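What follows is chain A paired twice: with chain B in the first complex and chain C in the second.
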Partner chain A sequence: MRIREVVIAVSVALVVLLLAYVIEAGGLGPIAPRELRELAASYLVNAYNPWNVTQSALSLEAVTAIVWDYRGLDTFFETSVLFASIVGVSLVFRGYRERLGIGGRGLSEIVKTSTRVLLPLILIAGVSVALHGHLTPGGGFQGGSFIAVLLVLMSIVFSLDFVVERGLTSGRLLALRSVGLIGVLATSVALLAAGLALGVEAYIFQNVAREGSELSMPQWLLDRPTGGTLIFFNMFEALAVAAGLALAFLVLSLREEEVREALGVGEWYE
Partner chain B sequence: MGRLLGYLAVFAMTYAFYVVFTGAISVFSLAIGALMSAVVSVVVKPLVIPGELRASDLARLAYLVAYYFYYMAVAEVRAHAKIAKTVLSRRMEISPAIVEVPYYVKTSYGMTLIAGSITNTPGTVVVQVDTERRLFFVHWLFATTFEPGKAREAISVDFERFARRIFG
Partner chain C sequence: MSDPVPFLFTVVLLSLVANIGISLYGVFTRPSLVKKFISLTIFSDTLNSFAIAIGFRRVIGSYPSAAVLSSLPREPGELSAFASAAVDPLPQALVLTAIVIGLAVFMFLAGLIAMYYRHYGTTRMV
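Our next item is the complex of A and B:
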């Protein structure tokens, strides 16, 4: 037994060592090429480029510029896919009703009290990550995921009853999720709508002035750039993701008493 | 007034955390942080401070600061030194046991502060709390007594003195 363990330990160590050696010696090709490819270089040059606005997203964060501007349409459909999957989750459990008074004591009073202090801090951290998405790493999805942790934490530490009593029902979460998604949609066509109203040319997903269109979202808020549409996208995406993930968690953690009627419907169909 | 003070306290805590977390002091960051902290504190205040605050409660902050320095500079150092000595000695003289430790603070914040302080000093861990009988069950590495009053004397009496001043 001892010998077997020694052999396993040595062979694992050898694998790690040899792999490190192979990578170090360039056996798997260069990890990061020294010179940037043209596409990468153009993104880096143009993500924030006030001298060449028609090519720029005016965002200091290149990743956010790509995600919500250069490939904004793609991200929009990603968000829609997440929405569809959450609709799917609530459809599978259709017919459930949240009920109070089933019980659930949660964790000890010590954990509960510490969690009370943490709630505003987690919430504001998520908001900060979302609203600085165009300046520092992060963004709507990351910030929204922070905020979704709140509901998970509350339902485990206090109980599902506690969450529902405070008005965080699945209906309201679905409404919030829809508000977020409608906000994303509205942001993506805001300049197009303005263009139609003013009778000038504009594009869908237009951020700042583009070739052939002078229209632009506000570029600065106080002393920092907003990335035009990016700050709005991040804001609404955070709302949509927070409500959507929280909703999925809430529905998946429903208790038997709450889904029994829904299951009964299924049996009737059979 | 009492309710407003509660909101202000939650706002101050949230905003201070925001500034440190964000790590930026641009007008943009400070302004949206203030706005969002206000929204957050309105939403969360009933959970964080269920009751009311009085202006005289501000004096408790001074005790909180004093406690921070006492805890970090005295209590922690003392406990760490004892554990380090035990771990490094050739003959470990430990007598692990779970003992009952009563507490007399009234608020759940006070109780949580004591429990956290006990757990965070090496050598003692709160494994369970009985809020009805007001008892901690503490795993104690150097148990010298099973008598609740004496155990409290040895483990948590200093923490509790501060906790009562800070949270009541």
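Our next item is the complex of A and C:
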């Protein structure tokens, strides 16, 4: 055992040293370059470019433009991976059902009162981060994570029974999660469906007018740019991520009585 | 002492490299699955920080700006001025994707480890 540990420690040290030499010798390129790569410059110029709409995403934030427009398909499958992982967690904990009347009753009255003040603020912050994803740093995933904190905070401060009594059961959260994913899917083919109905050309993941297709999502909401499909993508992604993370937390924080039931189901299958 | 910026950059990058070494050591040698899991999350976070650092740039005479337009541009010249001062948005977008997928994988791993503990009463591998 001793020798093995020494060998591992020496090889880790060697990896660190070699990587350090590679950086020092400029093997990873100059540290903090002054010029951008061409691809990055093109993204920055075209993210919001009303003078060149066919190559633009009309989003003031370049990261959201890349995530949901230029690389939209990528992000759709990323959301699907998150969904598959939640399905996997539910599968590992198969047979799990929330049961009331076991476990603690939450923290003290002082914490509960201050949390009651805090909860709507967190909700508003999350929704605003999600809906302003194309205007300010942030987006659907970040906003959804904000909102998922609500359930974590509620289940710790008020107890899990409180959460379940308010109707946030794992089945409903899974349904909300699916609604979010279906919303993302529907938004991605919305203009294609409109094009098929009107008999004109359109593309999957089309946002605004593209070459050969004049169809476009609404670009302005009152006096604010909506980024076409981006606001819908961010909205549905926030819903999906919030419900998914809340569901994962609910299932992972299950209690002994519920586990025994779940394990019993597992043994029954064997 | 010459220009402090490259020196500070080297320090940051080297500490990220050291972090990779430490987290890999944790993954390989700790017997507890929970500790392996924590090391793996540190490893993934370090790699994401690396990718963000690669997208960073230096702007002479001022600071680089985030890849967000703070007001609606009125003429095309504003866009090229923005592109000459903003950082690379592509690594940020890729890291966002990587974080979500990492979260999905870690969530599943956490569920598996919790179930492992329920079945065997321990999280030690050996």
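By definition in this document, the second predicted complex is superposed on the first by the 235 of 270 C-alpha atoms of A that agree within 3 Å, B and C clash if a C-alpha of one lies under 4 Å from a C-alpha of the other, contacts with A are read in each partner's own complex, and residues count from 1 in each chain.
Note that in this section a contact is a pair of C-beta atoms (placed from the backbone, for glycine too) under 8 Å apart; a residue touches a chain by one contact, two chains touch by 3 or more.
These numbers come from a predicted model, not from an experiment.
S.K.: Quick check for you: in the superposed arrangement, does A:216 touch first (chain B), second (chain C), both or neither?
M.R.: In the superposition, A:216 contacts neither chain B nor chain C.
S.K.: Should A:108 be classified as contacting the first partner (chain B), the second (chain C), both, or neither?
M.R.: After superposing on A, A:108 lies in contact with chain B but is clear of chain C.
S.K.: Name the chain, either chain B or chain C, that contacts more residues of chain A.
M.R.: C
S.K.: After the superposition on A, what does A:34 contact: first (chain B), second (chain C), both or neither?
M.R.: In the superposition, A:34 touches chain C alone.
S.K.: A:20 contacts which: chain B (first), chain C (second), both, neither?
M.R.: Second partner only, chain C.
S.K.: Please indicate which partner A:169 is in contact with in the superposed arrangement: first for chain B, second for chain C, both, or neither.
M.R.: In the superposition, A:169 contacts neither chain B nor chain C.
S.K.: Scan A:55 for contacts with chain B and chain C and give back first, second, both or neither.
M.R.: Touch status of A:55: no partner.
S.K.: Which residues form the common part of the chain A surface touched by chain B and by chain C?
M.R.: The answer is residues 135-136 of chain A.
S.K.: Taking the complex as given, what residues does chain C use to touch chain A?
M.R.: The touching residues are 5-6, 9-10, 13-14, 17-18, 20-21, 24-25, 28-29, 54-60, 66-70, 72-73, 76, 79-80, 82-83, 86, 88-90, 92-93, 96-97, 99-101, 103-105, 107-108, 110-112, 114-115, 118-119.
S.K.: Residue numbers of chain B touching chain A in their complex, please.
M.R.: Residue list for chain B touching chain A: 10, 13-15, 17-18, 21-22, 24, 26-29, 31-33, 36-37, 40-41, 43-44, 47-48, 108-109, 111-112, 115-116, 126, 128-129, 131.
S.K.: Note which residues of chain A are touching chain C in the complex, please.
M.R.: Residues 5, 8-9, 12-13, 15-16, 19-20, 23-24, 28, 31-37, 39-41, 43-45, 47-51, 60-63, 65-67, 71, 74-75, 78-79, 81-82, 84-86, 88-89, 92-93, 135-137, 139, 141, 225, 241, 248, 251-252, 259, 263 of chain A touch chain C in their complex.
S.K.: Can you name the residues of chain A that touch chain B in the complex?
M.R.: That would be residues 108-110, 112-114, 116-117, 119-121, 123-125, 127-128, 131-132, 135-136, 221-224 of chain A.
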